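This is the structure I have questions about; it appears just below.
Should a chain be cited, it is by its letter among A, B, C, D, E and F, assigned in written order, with residues numbered from 1 in that chain.
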Amino acid sequence: MSDQWLTTLKTDTPQQGYELAIKMSRMGVKYTQPSEEIREKLRPNYDEDTGNLIAISHVIAVNFQTIASANGYWKTERAYRG
Amino acid sequence: MSDQWLTTLKTDTPQQGYELAIKMSRMGVKYTQPSEEIREKLRPNYDEDTGNLIAISHVIAVNFQTIASANGYWKTERAYRG
Amino acid sequence: MSDQWLTTLKTDTPQQGYELAIKMSRMGVKYTQPSEEIREKLRPNYDEDTGNLIAISHVIAVNFQTIASANGYWKTERAYRG
Amino acid sequence: MSDQWLTTLKTDTPQQGYELAIKMSRMGVKYTQPSEEIREKLRPNYDEDTGNLIAISHVIAVNFQTIASANGYWKTERAYRG
Amino acid sequence: MSDQWLTTLKTDTPQQGYELAIKMSRMGVKYTQPSEEIREKLRPNYDEDTGNLIAISHVIAVNFQTIASANGYWKTERAYRG
Amino acid sequence: MSDQWLTTLKTDTPQQGYELAIKMSRMGVKYTQPSEEIREKLRPNYDEDTGNLIAISHVIAVNFQTIASANGYWKTERAYRG
(Lines give C-alpha, C1' and ligand atoms only; values in the text may rest on other atoms or scores of the structure.)
Protein backbone atom coordinates (compact mmCIF):
# COMPACT_ATOMS: atom_id res chain seq x y z
CA MET A 1 0.00 0.00 0.00
CA SER A 2 1.72 3.15 -1.21
CA ASP A 3 -0.67 5.45 0.68
CA GLN A 4 0.87 6.82 3.92
CA TRP A 5 -1.81 6.27 6.57
CA LEU A 6 0.26 5.55 9.70
CA THR A 7 3.15 7.91 10.22
CA THR A 8 3.00 8.11 14.02
CA LEU A 9 1.30 6.45 17.00
CA LYS A 10 1.28 9.77 18.87
CA THR A 11 -2.05 11.46 19.50
CA ASP A 12 -3.00 14.46 21.59
CA THR A 13 -5.77 12.81 23.58
CA PRO A 14 -6.93 9.29 24.58
CA GLN A 15 -10.00 9.71 22.38
CA GLN A 16 -7.89 10.49 19.30
CA GLY A 17 -5.88 7.42 20.25
CA TYR A 18 -9.05 5.35 20.37
CA GLU A 19 -10.07 6.66 16.97
CA LEU A 20 -6.64 5.76 15.58
CA ALA A 21 -7.16 2.25 17.01
CA ILE A 22 -10.43 2.06 15.05
CA LYS A 23 -8.64 3.10 11.89
CA MET A 24 -5.91 0.50 12.41
CA SER A 25 -8.52 -2.21 12.97
CA ARG A 26 -10.24 -1.29 9.70
CA MET A 27 -6.94 -1.19 7.82
CA GLY A 28 -6.32 -4.82 8.84
CA VAL A 29 -9.48 -5.67 6.93
CA LYS A 30 -8.63 -3.39 4.01
CA TYR A 31 -5.17 -4.90 3.46
CA THR A 32 -6.72 -8.38 3.34
CA GLN A 33 -9.69 -7.38 1.18
CA PRO A 34 -8.60 -4.38 -0.92
CA SER A 35 -11.75 -4.35 -3.06
CA GLU A 36 -14.03 -1.57 -1.82
CA GLU A 37 -16.92 -3.16 -3.70
CA ILE A 38 -16.67 -6.47 -1.82
CA ARG A 39 -16.12 -4.69 1.53
CA GLU A 40 -19.26 -2.61 0.86
CA LYS A 41 -21.20 -5.81 0.13
CA LEU A 42 -20.02 -7.34 3.42
CA ARG A 43 -20.87 -4.22 5.45
CA PRO A 44 -24.25 -5.46 6.86
CA ASN A 45 -22.42 -8.50 8.29
CA TYR A 46 -20.25 -6.09 10.24
CA ASP A 47 -22.65 -3.64 11.64
CA GLU A 48 -25.80 -5.70 12.08
CA ASP A 49 -24.26 -8.86 13.49
CA THR A 50 -23.80 -8.82 17.26
CA GLY A 51 -20.90 -11.29 17.39
CA ASN A 52 -19.00 -9.35 14.74
CA LEU A 53 -19.62 -6.01 16.46
CA ILE A 54 -18.16 -7.41 19.68
CA ALA A 55 -15.23 -8.92 17.76
CA ILE A 56 -14.50 -5.52 16.19
CA SER A 57 -14.57 -3.85 19.61
CA HIS A 58 -12.06 -6.50 20.71
CA VAL A 59 -9.63 -5.70 17.87
CA ILE A 60 -9.95 -1.99 18.66
CA ALA A 61 -9.13 -2.74 22.33
CA VAL A 62 -5.92 -4.57 21.33
CA ASN A 63 -4.82 -1.77 19.03
CA PHE A 64 -5.68 0.82 21.68
CA GLN A 65 -3.36 -0.99 24.13
CA THR A 66 -0.49 -0.40 21.73
CA ILE A 67 -1.38 3.24 21.11
CA ALA A 68 -1.94 4.00 24.79
CA SER A 69 1.44 2.54 25.64
CA ALA A 70 3.07 4.53 22.82
CA ASN A 71 1.62 7.70 24.32
CA GLY A 72 2.66 6.96 27.87
CA TYR A 73 -1.05 6.76 28.64
CA TRP A 74 -1.28 10.50 28.01
CA LYS A 75 0.08 11.25 31.48
CA THR A 76 1.86 14.57 31.80
CA GLU A 77 3.94 13.26 34.67
CA ARG A 78 5.53 9.86 34.12
CA ALA A 79 5.23 7.62 37.17
CA TYR A 80 8.42 5.77 36.18
CA ARG A 81 10.65 8.87 36.36
CA GLY A 82 13.57 8.25 38.69
CA MET B 1 -17.44 11.55 16.68
CA SER B 2 -17.42 15.13 17.91
CA ASP B 3 -18.63 14.19 21.41
CA GLN B 4 -15.78 14.17 23.98
CA TRP B 5 -16.19 10.88 25.85
CA LEU B 6 -12.58 9.91 26.64
CA THR B 7 -10.49 12.75 27.97
CA THR B 8 -8.38 10.73 30.43
CA LEU B 9 -7.61 7.14 31.40
CA LYS B 10 -7.18 8.17 35.04
CA THR B 11 -9.74 6.99 37.57
CA ASP B 12 -9.82 7.20 41.36
CA THR B 13 -10.48 3.51 42.01
CA PRO B 14 -10.10 0.14 40.26
CA GLN B 15 -13.88 -0.16 40.07
CA GLN B 16 -14.22 3.17 38.25
CA GLY B 17 -11.47 1.89 35.96
CA TYR B 18 -13.47 -1.25 35.31
CA GLU B 19 -16.55 0.82 34.53
CA LEU B 20 -14.53 2.96 32.11
CA ALA B 21 -13.39 -0.29 30.46
CA ILE B 22 -17.06 -1.21 29.99
CA LYS B 23 -17.75 2.17 28.42
CA MET B 24 -14.81 1.81 26.05
CA SER B 25 -15.97 -1.66 25.02
CA ARG B 26 -19.42 -0.29 24.22
CA MET B 27 -18.00 2.65 22.29
CA GLY B 28 -16.20 0.19 20.01
CA VAL B 29 -19.62 -1.09 19.04
CA LYS B 30 -21.15 2.39 18.79
CA TYR B 31 -18.47 3.70 16.41
CA THR B 32 -19.06 0.72 14.11
CA GLN B 33 -22.85 0.82 14.35
CA PRO B 34 -23.86 4.44 15.08
CA SER B 35 -27.60 3.83 14.67
CA GLU B 36 -29.17 3.60 18.12
CA GLU B 37 -32.23 1.98 16.56
CA ILE B 38 -30.27 -0.95 15.11
CA ARG B 39 -28.21 -1.33 18.30
CA GLU B 40 -31.45 -1.48 20.31
CA LYS B 41 -32.77 -4.16 17.96
CA LEU B 42 -29.59 -6.21 18.47
CA ARG B 43 -29.67 -5.87 22.25
CA PRO B 44 -31.23 -9.31 23.05
CA ASN B 45 -28.36 -10.93 21.12
CA TYR B 46 -25.98 -9.26 23.55
CA ASP B 47 -27.51 -9.85 26.87
CA GLU B 48 -29.30 -13.14 26.41
CA ASP B 49 -26.63 -15.01 24.45
CA THR B 50 -24.04 -16.74 26.59
CA GLY B 51 -21.22 -16.71 24.04
CA ASN B 52 -21.69 -13.00 23.42
CA LEU B 53 -21.81 -12.20 27.14
CA ILE B 54 -18.48 -13.98 27.62
CA ALA B 55 -17.04 -12.22 24.56
CA ILE B 56 -18.07 -8.85 26.00
CA SER B 57 -16.43 -9.69 29.32
CA HIS B 58 -13.29 -10.51 27.31
CA VAL B 59 -13.25 -7.10 25.60
CA ILE B 60 -13.75 -5.40 28.96
CA ALA B 61 -10.78 -7.39 30.35
CA VAL B 62 -8.52 -6.17 27.54
CA ASN B 63 -9.58 -2.55 27.99
CA PHE B 64 -9.18 -2.87 31.77
CA GLN B 65 -5.56 -3.99 31.25
CA THR B 66 -4.86 -0.70 29.51
CA ILE B 67 -6.64 1.39 32.13
CA ALA B 68 -5.04 -0.45 35.05
CA SER B 69 -1.62 0.11 33.56
CA ALA B 70 -2.41 3.79 32.96
CA ASN B 71 -3.29 4.14 36.64
CA GLY B 72 -0.20 2.34 37.93
CA TYR B 73 -2.62 -0.29 39.23
CA TRP B 74 -3.92 2.24 41.76
CA LYS B 75 -0.97 1.61 44.06
CA THR B 76 -0.14 4.48 46.37
CA GLU B 77 3.47 3.36 46.55
CA ARG B 78 5.07 2.58 43.22
CA ALA B 79 7.19 -0.56 43.37
CA TYR B 80 9.33 0.75 40.50
CA ARG B 81 10.50 3.88 42.36
CA GLY B 82 14.26 4.06 42.42
CA MET C 1 -23.43 -0.15 40.02
CA SER C 2 -23.37 1.42 43.46
CA ASP C 3 -22.07 -1.75 45.16
CA GLN C 4 -18.33 -1.54 45.92
CA TRP C 5 -16.88 -4.81 44.65
CA LEU C 6 -13.41 -3.80 43.42
CA THR C 7 -11.54 -1.55 45.81
CA THR C 8 -8.05 -2.95 45.21
CA LEU C 9 -6.15 -5.27 42.86
CA LYS C 10 -3.85 -6.33 45.70
CA THR C 11 -4.12 -9.89 47.01
CA ASP C 12 -1.97 -11.85 49.44
CA THR C 13 -1.39 -14.87 47.22
CA PRO C 14 -1.47 -15.81 43.51
CA GLN C 15 -4.47 -18.04 44.17
CA GLN C 16 -6.46 -15.17 45.70
CA GLY C 17 -5.42 -13.17 42.64
CA TYR C 18 -6.76 -15.91 40.39
CA GLU C 19 -10.02 -15.94 42.30
CA LEU C 20 -10.31 -12.18 41.95
CA ALA C 21 -9.76 -12.66 38.19
CA ILE C 22 -12.72 -15.07 38.19
CA LYS C 23 -14.86 -12.51 39.99
CA MET C 24 -13.90 -9.78 37.52
CA SER C 25 -14.73 -12.04 34.59
CA ARG C 26 -18.19 -12.73 36.05
CA MET C 27 -18.79 -9.05 36.76
CA GLY C 28 -18.25 -8.31 33.07
CA VAL C 29 -21.25 -10.53 32.41
CA LYS C 30 -23.27 -9.11 35.29
CA TYR C 31 -22.85 -5.49 34.16
CA THR C 32 -24.09 -6.43 30.69
CA GLN C 33 -26.94 -8.66 31.91
CA PRO C 34 -28.00 -7.37 35.35
CA SER C 35 -31.04 -9.64 35.63
CA GLU C 36 -30.18 -12.54 37.94
CA GLU C 37 -33.17 -14.45 36.59
CA ILE C 38 -31.92 -14.38 32.97
CA ARG C 39 -28.34 -15.16 34.05
CA GLU C 40 -29.64 -18.17 36.00
CA LYS C 41 -31.54 -19.32 32.92
CA LEU C 42 -28.36 -19.06 30.81
CA ARG C 43 -26.23 -20.94 33.37
CA PRO C 44 -26.32 -24.40 31.64
CA ASN C 45 -24.90 -22.75 28.51
CA TYR C 46 -21.94 -21.65 30.60
CA ASP C 47 -21.05 -24.68 32.55
CA GLU C 48 -22.07 -27.50 30.25
CA ASP C 49 -20.77 -26.09 26.96
CA THR C 50 -17.15 -26.87 26.24
CA GLY C 51 -16.46 -23.88 24.00
CA ASN C 52 -17.93 -21.49 26.56
CA LEU C 53 -15.96 -23.07 29.42
CA ILE C 54 -12.74 -22.56 27.48
CA ALA C 55 -13.77 -18.98 26.60
CA ILE C 56 -14.39 -18.24 30.29
CA SER C 57 -10.97 -19.62 31.20
CA HIS C 58 -9.54 -17.26 28.55
CA VAL C 59 -11.20 -14.20 30.10
CA ILE C 60 -9.93 -15.24 33.53
CA ALA C 61 -6.40 -15.55 32.08
CA VAL C 62 -6.54 -11.99 30.73
CA ASN C 63 -7.81 -10.57 34.01
CA PHE C 64 -5.20 -12.58 35.92
CA GLN C 65 -2.46 -10.95 33.80
CA THR C 66 -3.60 -7.56 35.07
CA ILE C 67 -3.83 -8.68 38.69
CA ALA C 68 -0.49 -10.50 38.62
CA SER C 69 1.18 -7.40 37.24
CA ALA C 70 -0.51 -5.23 39.89
CA ASN C 71 0.92 -7.51 42.58
CA GLY C 72 4.45 -7.56 41.17
CA TYR C 73 3.84 -11.28 40.59
CA TRP C 74 3.83 -11.79 44.38
CA LYS C 75 7.62 -11.71 44.47
CA THR C 76 9.06 -10.66 47.82
CA GLU C 77 12.17 -9.36 46.13
CA ARG C 78 11.57 -7.09 43.17
CA ALA C 79 13.89 -7.85 40.29
CA TYR C 80 13.55 -4.25 39.04
CA ARG C 81 14.89 -2.64 42.20
CA GLY C 82 17.81 -0.37 41.42
CA MET D 1 -11.96 -23.46 46.67
CA SER D 2 -10.16 -24.27 49.90
CA ASP D 3 -7.52 -26.42 48.17
CA GLN D 4 -4.19 -24.57 47.79
CA TRP D 5 -3.18 -25.10 44.17
CA LEU D 6 -1.41 -21.84 43.29
CA THR D 7 1.04 -20.68 45.93
CA THR D 8 3.68 -19.25 43.59
CA LEU D 9 4.22 -18.35 39.92
CA LYS D 10 7.91 -19.24 40.21
CA THR D 11 9.17 -22.30 38.37
CA ASP D 12 12.67 -23.62 37.78
CA THR D 13 12.41 -23.98 34.00
CA PRO D 14 10.33 -22.61 31.10
CA GLN D 15 8.81 -26.05 30.60
CA GLN D 16 7.61 -26.23 34.21
CA GLY D 17 6.20 -22.76 33.62
CA TYR D 18 4.37 -23.98 30.55
CA GLU D 19 2.95 -26.90 32.52
CA LEU D 20 1.79 -24.51 35.25
CA ALA D 21 0.08 -22.49 32.49
CA ILE D 22 -1.75 -25.65 31.45
CA LYS D 23 -2.86 -26.27 35.03
CA MET D 24 -4.11 -22.67 35.37
CA SER D 25 -6.05 -22.98 32.12
CA ARG D 26 -7.75 -26.15 33.40
CA MET D 27 -8.52 -24.58 36.77
CA GLY D 28 -10.44 -21.82 34.98
CA VAL D 29 -12.73 -24.54 33.69
CA LYS D 30 -12.88 -26.37 37.02
CA TYR D 31 -13.93 -23.27 38.97
CA THR D 32 -16.79 -22.70 36.52
CA GLN D 33 -17.84 -26.35 36.31
CA PRO D 34 -16.87 -27.99 39.61
CA SER D 35 -18.63 -31.29 38.87
CA GLU D 36 -16.02 -33.84 37.81
CA GLU D 37 -18.77 -35.99 36.37
CA ILE D 38 -19.96 -33.31 33.94
CA ARG D 39 -16.37 -32.35 33.03
CA GLU D 40 -15.64 -36.01 32.27
CA LYS D 41 -18.72 -36.15 30.07
CA LEU D 42 -17.56 -33.04 28.15
CA ARG D 43 -14.01 -34.38 27.70
CA PRO D 44 -14.43 -35.65 24.07
CA ASN D 45 -15.50 -32.13 23.08
CA TYR D 46 -12.16 -30.90 24.37
CA ASP D 47 -9.72 -33.32 22.99
CA GLU D 48 -11.34 -34.40 19.75
CA ASP D 49 -12.55 -31.02 18.52
CA THR D 50 -9.99 -29.07 16.53
CA GLY D 51 -11.38 -25.61 17.29
CA ASN D 52 -11.47 -26.34 21.01
CA LEU D 53 -7.93 -27.74 21.00
CA ILE D 54 -6.66 -24.54 19.39
CA ALA D 55 -8.69 -22.44 21.84
CA ILE D 56 -7.12 -24.32 24.76
CA SER D 57 -3.63 -23.73 23.35
CA HIS D 58 -4.56 -20.02 23.19
CA VAL D 59 -5.54 -19.89 26.87
CA ILE D 60 -2.31 -21.67 27.79
CA ALA D 61 -0.36 -19.08 25.77
CA VAL D 62 -1.97 -16.21 27.70
CA ASN D 63 -1.28 -17.83 31.07
CA PHE D 64 2.28 -18.61 29.99
CA GLN D 65 2.84 -14.91 29.24
CA THR D 66 2.05 -14.13 32.86
CA ILE D 67 4.23 -16.91 34.25
CA ALA D 68 7.15 -16.13 31.93
CA SER D 69 7.04 -12.49 33.02
CA ALA D 70 6.85 -13.53 36.69
CA ASN D 71 10.02 -15.58 36.21
CA GLY D 72 11.94 -12.87 34.39
CA TYR D 73 11.84 -15.19 31.38
CA TRP D 74 14.18 -17.56 33.26
CA LYS D 75 17.17 -15.38 32.39
CA THR D 76 20.04 -15.64 34.83
CA GLU D 77 21.13 -12.11 33.99
CA ARG D 78 18.40 -9.50 34.03
CA ALA D 79 18.67 -7.11 31.11
CA TYR D 80 16.94 -4.36 33.15
CA ARG D 81 19.55 -4.29 35.92
CA GLY D 82 20.91 -0.78 36.40
CA MET E 1 11.45 -23.25 6.58
CA SER E 2 14.90 -22.54 5.18
CA ASP E 3 13.86 -19.21 3.66
CA GLN E 4 14.98 -16.20 5.79
CA TRP E 5 11.89 -14.02 6.09
CA LEU E 6 12.26 -12.50 9.57
CA THR E 7 15.72 -11.21 10.32
CA THR E 8 14.71 -8.19 12.40
CA LEU E 9 11.67 -6.62 14.07
CA LYS E 10 13.03 -3.13 13.38
CA THR E 11 11.23 -0.96 10.87
CA ASP E 12 11.63 2.68 9.94
CA THR E 13 8.02 3.70 10.37
CA PRO E 14 4.86 2.51 12.17
CA GLN E 15 3.28 1.70 8.81
CA GLN E 16 6.17 -0.57 7.81
CA GLY E 17 5.76 -2.16 11.22
CA TYR E 18 2.08 -2.72 10.54
CA GLU E 19 2.92 -4.29 7.18
CA LEU E 20 5.45 -6.57 8.87
CA ALA E 21 2.69 -7.57 11.31
CA ILE E 22 0.54 -8.53 8.32
CA LYS E 23 3.36 -10.63 6.92
CA MET E 24 3.88 -12.39 10.26
CA SER E 25 0.15 -13.14 10.50
CA ARG E 26 0.20 -14.70 7.04
CA MET E 27 3.33 -16.72 7.79
CA GLY E 28 1.50 -18.32 10.75
CA VAL E 29 -0.95 -19.68 8.19
CA LYS E 30 1.76 -20.65 5.71
CA TYR E 31 3.75 -22.67 8.25
CA THR E 32 0.60 -24.64 9.14
CA GLN E 33 -0.59 -25.07 5.56
CA PRO E 34 2.51 -25.00 3.32
CA SER E 35 0.64 -25.97 0.15
CA GLU E 36 0.10 -22.84 -1.94
CA GLU E 37 -2.56 -24.69 -3.93
CA ILE E 38 -4.72 -25.38 -0.88
CA ARG E 39 -4.17 -21.85 0.49
CA GLU E 40 -5.26 -20.44 -2.87
CA LYS E 41 -8.40 -22.61 -2.76
CA LEU E 42 -9.22 -21.31 0.74
CA ARG E 43 -8.65 -17.66 -0.22
CA PRO E 44 -12.35 -16.70 -0.74
CA ASN E 45 -13.02 -17.87 2.84
CA TYR E 46 -10.49 -15.31 3.99
CA ASP E 47 -11.34 -12.27 2.08
CA GLU E 48 -15.07 -12.59 1.59
CA ASP E 49 -16.03 -13.79 5.06
CA THR E 50 -16.64 -11.00 7.56
CA GLY E 51 -15.82 -13.01 10.68
CA ASN E 52 -12.53 -14.18 9.18
CA LEU E 53 -11.58 -10.68 8.04
CA ILE E 54 -12.08 -9.40 11.59
CA ALA E 55 -10.14 -12.38 12.99
CA ILE E 56 -7.23 -11.59 10.66
CA SER E 57 -7.24 -7.95 11.76
CA HIS E 58 -7.07 -9.25 15.35
CA VAL E 59 -3.98 -11.38 14.65
CA ILE E 60 -2.33 -8.41 12.94
CA ALA E 61 -3.09 -6.27 16.01
CA VAL E 62 -1.36 -8.78 18.30
CA ASN E 63 1.71 -9.00 16.07
CA PHE E 64 1.79 -5.21 15.77
CA GLN E 65 1.94 -4.94 19.58
CA THR E 66 5.15 -6.95 19.51
CA ILE E 67 6.67 -4.99 16.66
CA ALA E 68 5.69 -1.61 18.11
CA SER E 69 7.28 -2.54 21.41
CA ALA E 70 10.42 -3.77 19.62
CA ASN E 71 10.69 -0.37 17.94
CA GLY E 72 10.16 1.65 21.09
CA TYR E 73 6.93 2.85 19.44
CA TRP E 74 9.05 4.75 16.91
CA LYS E 75 9.61 7.56 19.40
CA THR E 76 12.77 9.54 18.85
CA GLU E 77 12.93 10.42 22.53
CA ARG E 78 12.41 7.53 24.93
CA ALA E 79 10.22 8.42 27.89
CA TYR E 80 11.95 5.80 30.06
CA ARG E 81 15.43 7.31 29.73
CA GLY E 82 16.92 7.90 33.17
CA MET F 1 5.51 -34.99 29.94
CA SER F 2 8.97 -36.25 30.78
CA ASP F 3 10.46 -35.15 27.45
CA GLN F 4 12.46 -31.91 27.72
CA TRP F 5 11.20 -29.73 24.89
CA LEU F 6 11.43 -26.20 26.37
CA THR F 7 14.67 -25.50 28.19
CA THR F 8 15.05 -21.86 27.18
CA LEU F 9 13.14 -19.03 25.53
CA LYS F 10 16.36 -17.64 24.04
CA THR F 11 16.84 -17.84 20.30
CA ASP F 12 19.48 -16.36 18.02
CA THR F 13 17.10 -14.68 15.57
CA PRO F 14 13.48 -13.45 15.42
CA GLN F 15 12.68 -16.17 12.91
CA GLN F 16 13.92 -18.91 15.24
CA GLY F 17 11.79 -17.24 17.90
CA TYR F 18 8.79 -17.39 15.62
CA GLU F 19 9.44 -21.06 14.96
CA LEU F 20 9.67 -21.72 18.70
CA ALA F 21 6.31 -19.94 19.05
CA ILE F 22 4.87 -22.39 16.51
CA LYS F 23 6.26 -25.32 18.48
CA MET F 24 4.77 -23.98 21.73
CA SER F 25 1.39 -23.53 20.07
CA ARG F 26 1.45 -27.14 18.88
CA MET F 27 2.54 -28.41 22.29
CA GLY F 28 -0.56 -26.83 23.82
CA VAL F 29 -2.58 -29.13 21.58
CA LYS F 30 -0.35 -32.14 22.23
CA TYR F 31 -0.62 -31.87 26.01
CA THR F 32 -4.42 -31.80 25.73
CA GLN F 33 -4.66 -34.56 23.12
CA PRO F 34 -1.61 -36.81 23.59
CA SER F 35 -2.79 -39.46 21.11
CA GLU F 36 -0.87 -39.01 17.86
CA GLU F 37 -3.47 -41.14 16.09
CA ILE F 38 -6.36 -38.82 16.99
CA ARG F 39 -4.29 -35.69 16.23
CA GLU F 40 -3.46 -37.14 12.81
CA LYS F 41 -7.16 -37.79 12.21
CA LEU F 42 -7.98 -34.17 13.11
CA ARG F 43 -5.21 -32.73 10.88
CA PRO F 44 -7.44 -31.81 7.86
CA ASN F 45 -9.56 -29.69 10.23
CA TYR F 46 -6.44 -27.72 11.04
CA ASP F 47 -4.86 -27.10 7.76
CA GLU F 48 -7.85 -26.96 5.42
CA ASP F 49 -10.18 -24.86 7.58
CA THR F 50 -9.74 -21.13 7.19
CA GLY F 51 -11.06 -20.18 10.63
CA ASN F 52 -8.77 -22.68 12.32
CA LEU F 53 -5.74 -21.54 10.31
CA ILE F 54 -6.33 -17.97 11.44
CA ALA F 55 -6.87 -19.13 15.03
CA ILE F 56 -3.55 -20.99 14.95
CA SER F 57 -1.78 -17.89 13.63
CA HIS F 58 -3.32 -16.01 16.59
CA VAL F 59 -1.93 -18.47 19.15
CA ILE F 60 1.48 -18.25 17.49
CA ALA F 61 1.30 -14.45 17.74
CA VAL F 62 0.62 -14.60 21.49
CA ASN F 63 3.48 -17.04 22.09
CA PHE F 64 5.76 -14.93 19.91
CA GLN F 65 5.03 -11.90 22.13
CA THR F 66 6.41 -13.83 25.09
CA ILE F 67 9.48 -15.06 23.23
CA ALA F 68 10.23 -11.67 21.69
CA SER F 69 10.07 -10.05 25.11
CA ALA F 70 12.31 -12.79 26.56
CA ASN F 71 14.89 -12.01 23.88
CA GLY F 72 14.79 -8.26 24.35
CA TYR F 73 13.38 -8.12 20.82
CA TRP F 74 16.78 -9.28 19.54
CA LYS F 75 18.16 -5.75 19.86
CA THR F 76 21.89 -5.54 20.38
CA GLU F 77 21.50 -2.26 22.21
CA ARG F 78 18.86 -2.19 24.92
CA ALA F 79 16.85 1.03 24.89
CA TYR F 80 16.19 0.70 28.66
CA ARG F 81 19.85 0.76 29.67
CA GLY F 82 20.46 3.44 32.27
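Note that in this section a residue touches a chain if its C-beta (ideal position, glycine included) is under 8 Å from a C-beta of that chain, and two chains touch if they have at least 3 such contacts.
These numbers were taken from a predicted model, which means no experiment stands behind them.
Trainee: If you check the contacts of chain B and chain D, which chains show up for both?
Mentor: Touching chain B as well as chain D, we find C.
Trainee: Kindly list the shared contact partners of chain D and chain F, in label order.
Mentor: Shared contacts of chain D and chain F: no chain.
Trainee: Degrees of rotation, nearest 5, to put the Cα trace of chain E on chain F?
Mentor: 60
Trainee: Please name the chain that ends up farthest from chain C once chain centres are defined by their CA atoms averaged.
Mentor: It is E whose centre lies farthest from that of chain C.
Trainee: Could you grab the centroid distance between chain A and chain D? Build each centroid from C-alpha atoms only and quote it in angstrom.
Mentor: Computed from C-alpha means, the inter-chain centre distance equals 30 Å.
Trainee: Averaged over CA atoms, how far is the centre of chain B from the centre of chain E? Could you give it in whole Å?
Mentor: The computed centroid separation for chain B versus chain E comes out at 26 Å.
Trainee: I need the residues of chain E touching at least two other chains; which ones are they?
Mentor: In chain E, residues 46, 51, 55-56, 58, 62, 65, 69, 80, 82 touch at least two other chains, as defined above.
Trainee: So that we know how the chains sit together, what is the shape of their touch graph: line, ring, star, complete or other?
Mentor: Its topology is that of a ring.
Trainee: Can you name the chains in ring order, beginning at chain C and moving first to chain D?
Mentor: With chain C as the starting chain and chain D following, the sequence is C, D, F, E, A, B.
Trainee: Would you pull the chain B residues touching chain C in the complex into a rising list?
Mentor: Going by the criterion above, the answer is residues 13-15, 18-19, 22, 46-48, 50-51, 53-58, 60-62, 64-65, 68-69, 73-75, 79-80, 82.
Trainee: Spell out the residues on chain C that touch chain B in their complex, using ranges where they run on.
Mentor: 1, 4-10, 24-29, 31-33, 38, 42, 45-46, 49, 51-52, 55-56, 58-59, 62-63, 65-66, 69-70, 72, 78, 80, 82
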